[in-house]
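Structures follow.
Each of the two complexes below includes chain A, the first together with chain B, the second together with chain C.
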Partner chain A sequence: MKKTLSILAAGVMAASLMAGAAVTAYADDITIWVAEEVTDFTKEKANEFLSSNPDFSGFSVSVEPVGEGDAAKNVLTDVEGSADLYGFAQDQLARLVSAQALTPLMGDNAAFVSENNDAGAVSAASMGDMIFAYPLTSDNGYFLYYDSSVVTDPTSLDQILADCEAAGKGFYMEINSGWYQTAFFFGAGCSLSYETDEMGNFTSCNVDYASENGVKALKAIIALAESPAFHNGSSASNAANCAAIVSGTWDSSVVKDMFGDNYACAKLPSFTVDGEAIQMSGFGGFKLMGVKPQVDADKLAACQALAQYLSGEEVQLARYNAKGWGPSNLNAQADDAVKSDVALSALAEQLAYAIPQGQYPNDYWSLATSLGDSVISGDYKDASDETLMSALQSFQDSCISYAK
Partner chain B sequence: MEEKKSIGSRIGAFFRWIGRDLADIGITFARGDWKTRISFLVVGLGQILRGQYVRGISVLCLAAAMLFYIFGFGLSYLKDILTLGTQGRGFNPDGTISLGDNSFLILLYGILTIIVILALVLVWRINLRQNREAQELLAQGKALPSNRKDLYSVLDRNFDKTLLALPVLGIFVFTVLPIIFMICVAFTNYDYNHQAPAKLFTWVGLENFRNIFSIGGEGYGGTFFTVLAWTLIWAFFATFLNYFLGMAVAIMINKKGIRFKKLWRTILVMTIAVPQFVSLLYIGKMFASDGLVNAYLLKWGLIQKAIPFWTNPTYARILIIVINLWIGIPYMMLIATGLLMNIPEDLYESARIDGANSFQMFFKITLPYMLFVTGPFLLTQFIGNLNNFNVIFLLNQGRPQSMNLKGGAGYTDLLVTWLYKMTINDTDYKMAAVIGIMVFIVTAVISLVVYNFLPSVKDEEGFQ
Partner chain C sequence: MTRKKHISNAIVYIVLIVISVIWLFPFVGLALQSFRSYISEFGGMVNYLIPKKFTLDSYKFLFSGECQFPRWYMNTLIIAVAATVFNTIIIICVSYALSRLRFKGRRALMNIWLVLGMFPGFLTMICLYFLLKMLGLTQSGAVPGLILISVAGAGMQYYVCKGYFDTLPKALDEAARIDGANRAQILLIMIVPLSKPIIIYTALLAFMAPWCDFVFASYVAFGYSASYNVAVALQQWVWTNDFQGYFTRFCAGGILVAIPVTILFMCLQKYYVEGVTGGSVKG
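And then the complex of A and B:
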């Protein structure tokens, strides 16, 4: 215990001890955390902004590479010591708002976000009626990548599996993730969403997984897990024997290398339960940039202006051209280069079936992994409808218990 | 019963000691001259008045620094320690934030302040003792130790204290204080919904302990006992299988007539040369559903469908133990090789003359000797395996999880990896702290009980 406790506590303590210093020490320096691949890009753009805006000449920026997932974790461990601006995936918004790690946007700032971005991105940046962050991308969804020499019909899951089995290749989908699982449940007509208040608390849960539709979806997941071609995973670089994979735009270059000339993308397939074909749904997701709460009003203004610039049309388009991040800005989306991207158009096609991802309590993701792992371990192999229903009932009860 | 009695008598002795000490303080005051008595109020003044400037000024400075900390900083946190803060933080209309109470810092600095107050009492007591000694020396007509002698004593008679000062301070700040802090967290509701500095957390008494032992419903009991059972099973197999198989390999290589002894040893030691985390990561990958092992079995037509090595709880547990053998056997072989060569050859010779076969010789000579020598080593191995974070986490992160387990635990999670997941993934500090205390209890009980049964402890002279 000694060792683990002390590591744990020393970390938390060191973080909090630094907290006091961090608020005051570098008052003129705006720190930014973004994903590693756009670090240099962001640094260049932020400096361009500062040099063209003499109002903020007293400020300087330092950009550090911190991935979107880590950023939220680091911020939550130590709000005061974190960066002034940071990029994060929108599923972390509720956690961050409830830890008061984001400055709510008001007046012109809120209007800027709601007027310039697509509706899904705006709702993803909101809690209650309040907007908390600036959308950076509208590409955090998933769709199907496939090898066109193996897969003959990318619209049917059964056909994809049959083709993969025949070729001795794998179909990859991370069904023990709460993010990918919803492709089945939402497709079958179930819903799972949470109401939140402006403090980031979850007030109520709308869920109907314990229903006929839920059982259909779970049956489809179980059937998928039983296929010899199935592998649980969503990272293309870890997929060893892959003919089709459900993943997002961030994997496009890896998949392109893997499939070569046979590289192809499509919306997600439909699955068949009891003779009924159901189109897969899923989450549409977004990357956001948030502003840390500031004690100093001048610095807050500088941070807001910089975040607006980094999430505006010009920079979003530049970021697409440089790094392939799909824009959330409406004007940038209308650009010809963006429209002709294969992966982005498959995603756009899928987003028509997808549900803009709202806020989910952190426990939901753990719970969904448990459900997926239970399916993969064969807990529900040949299970009766009643067994499945009771499993879904307990899942649903747990989901509801997270909102209080 | 004997254990209990001794604890009882120790507690009694403690209170008697406090009583004696209080009486001693009274006597010091009653018999003290005015210089001693004034030191009750101003620490160190008596020493200074008697010309013992070094002693006087050092205790005076210490006490002053502590008082400065307590009144200048500590008390503002200590006053809230019963509630851990009442004033939340909020946003102002202009978008800036006004900071409220920080439960985390209140708890941390509150504890620190209590410790400083205790230390202050200690300094005050030391100061009284110095006064009394000085007064008694003077009454006997002897001279007081000079200031120069006092100064030199930190390099001479008190050199141990000088040397230990820094390490003790470090251990206090980085180990003792965090442990006290984390034990306290187990009695609060510090979790995702009560995260400092944005939200306040507060004391909840034994609520978290009730949760960890309550089975059924939303309680963590079922999960806790599943994880605890696997932790013990894992530690048992990981320790003893490695031990006996490592010893067996060493005996085989040591056997007379085996050729290329050095070659075999070198091959086994090669596994040590590759860093453990590298080999664990790639072996974990090899057994994945699309990994090398499954790919070849499928290719050769031995199986029709990938074997769920990591996703089936039973397979995963067995595989982890087996892979751990591969890491552990070479180490054990090295240790056993050295020890086996130390067993006096004449023991075997006389056994052979008496007509013992090799099994009898192993169980009557080799094994007792090995157990005697490696008993404490086995115990530390067992305790180490209870907390063997690396192997579990690098191989499969404690997966598979299940709907039957709460709190994100998986079937191959040890208590310590579950604790890690709780803190990092679920920010559930309160339950993690409880698990931490449980890990301590389990390891402490096992260590104490087993230690007292070790042959090398019970019978120190055994193989002399």
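And then the complex of A and C:
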């Protein structure tokens, strides 16, 4: 028995030695997770940075393609094993902060972010009064792409649907997504937001979906779902026979290929309920780059400097020119090339009506999906206002219950 | 009478044809889509099945160096082949011991393994992940890590093989013992050649599990693309927004994954059926 124990103990020691060796071997390597599209771009820029900064010459970078939409899921799988720098969509900030997967920015770093980026991007990177990440883009919102040979008036949803129906083509909008749904609810004047503390916990919820305005919005969604031209979806590459789609700038090249010379963009249309025209609203979103907490102070300094460089004016502009990502940096936004982009202009126009996206609990997204799914499956077809109100009341109660 | 037979035959065939069309449709769809060009046509999903022009663009892309497909394929192959070799050896040894040797606690051991084998492997996933991480076998070391995962519990899958060994007469062993053979010689020279179907069956099963594995592979290799297997790598082409219009390339990758398995099964089908039924004669 004693012998087995000692063998076991030796084994554990050997294993921990190996683990130690494995960790030190990678200590000088800064790993970066970004969207696949910009993997090579990021690698090139990061290497340029390291070669032009002799202070950090001991470090090397490796860049891996990991989607920004899944960043939180991947990082939270194992914070220690995840990348040192990673790009993520801002709706994941709360989860990442509460898992202590982000280094808060202090002093000059915080000032760099707040002075050089647009207000929406700065608030998206903040939790409480603290800034936790470097904004990369201000282009995470949605607007309308349309085929100008089919759609005659992109400002009215009814007209778009009528044109699509007449041409036998589809109108795509992902109404079972909590992200796209807000176009109706926020447009009708409802609000839904959560307060968070610096630990990333949700402390309270401001919501008024169970109201006259909420019913109007829900009615508009139901009416949309009943149109034969309607398809639930937001990915242009999965959209077949499409004449109009609500999506974001990431789809611009696919949509351009799809519509060819008839490619056109506009802010979201207005919808009509009981004779009243209401402009769609929605979320404005941002991509951020976070720095994982580090044990080694030198490495942390290198990571911070690299993140600052990758989110700075020069690289944001280069990223726009190479990949079409809309900058959050104020100077880069003022560049002529950025100003003349059709999709970015449409988005900029839409962002004037949009609500900067705050933090939402995971449960909200699934709740919104189930609401959208029941609309699509026809549960609320010809429902009375009372039925809709009670559905929204229970939606609202659930939203409030997530903040406790 | 014959008329009745004709009618019933007709009904049976219609039902069979309908079922096979339904069953084959996804495979035919996958194959057809993989020949659609993502360059001259469109790489995403479309509402027609037959490509306007058949091209090999998607396949060329996989081997063009723009993605790491050959690497992912090799990873999958290395894991699957290593797992097959080790699993088969371990299972044969364990089965032989349980079938021929009598030792204290044999029954208890068999029962415990049987019960342990009932738990789905991924229940222990998180534990395994951290254990592998301590050994440096995650992310960049994911390939040996995944081999370890598939080999570690192999011995517990002894039952079909042991059942088959039980059907071989013990008198053979005894005769060999009298002639001076030791246990290893009996196993290698006599039992193994007699058990070809069950060995092939065991090897095929051992090959299939890591070949199709997604759950473990995605956890152990997470965020390190050079260690991905094909399933993990391909799924991100359809599930993440970063990859737009990769659907045809996904289909092409899927076809390439299916080919070796199809060939293996076609060649070994005869043994496979014998293997499945062989162990059930006496268990």
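Points to keep in mind about this one:
Just so we're on the same page, the second predicted complex is superposed on the first by the 379 of 404 C-alpha atoms of A that agree within 3 Å, B and C clash if a C-alpha of one lies under 4 Å from a C-alpha of the other, contacts with A are read in each partner's own complex, and residues count from 1 in each chain.
Quick note on the criterion: a residue touches a chain if its C-beta (ideal position, glycine included) is under 8 Å from a C-beta of that chain, and two chains touch if they have at least 3 such contacts.
What you are looking at is a predicted structure, and each value in this text was computed from that prediction instead of being measured.
Taking chain A as the reference, the larger set of touched residues comes from B, when chain B and chain C are compared. In the superposition on chain A, A:Asn241 makes contact with both chain B and chain C.
By the touch criterion stated above, A:Gln100 is placed in contact with chain B alone, chain C being left untouched. In the superposed model, A:Val66 makes contact with chain C only, not with chain B. Contacts of A:Leu300 after superposition: chain B is touched, whereas chain C is not reached. Legend: residue contacts after superposition of the two complexes on their common chain; A:Asp257 is shown touching chain C, with no touch to chain B. Once the two complexes are laid over each other on the shared chain, residue contacts for A:Gly81 go to chain C alone; chain B is not touched.
Using the contact criterion defined above for the overlaid structures, shared-chain residue A:Ala35 touches chain C, although it does not reach chain B. Judged by the touch definition given at the top, the superposed model places A:Asp363 against chain B, while chain C stays out of reach. When the two complexes are overlaid on their common chain A, residue A:Gly378 makes contact with chain B while staying clear of chain C. Chain A residues 16, 19, 80, 238-241 lie at the interface with chain B in one structure and with chain C in the other.
Note for the complex: chain C touches chain A at residues 42-47, 129, 133-136, 138-139, 141, 219, 222-225, 236, 240-247. Of all residues in chain B, those touching chain A in their complex are 89, 91, 94-97, 99, 102, 104-105, 108, 174-175, 177-179, 181-182, 192-193, 195, 197-199, 218, 285, 288-291, 295, 298-299, 304-306, 308, 311-313, 387, 389, 399-405, 407-408, 410, 416, 419-420, 423-427, 432-433, 436-437, 439-440, 443.
Residues of chain A touching chain C in their complex: 15-16, 18-19, 21-22, 31, 33, 35-37, 64-70, 74, 77-78, 80-83, 235-241, 250-251, 253-254, 257-258. Chain contact summary for the complex, chain A toward chain B: residues 1-6, 8-10, 12-13, 16, 19, 73, 76, 79-80, 95, 98-101, 103-104, 106, 168, 170, 172, 176, 201, 228, 230-233, 238-242, 293-297, 300, 361-363, 366, 369-371, 373-374, 376-379, 391, 394-395, 401.
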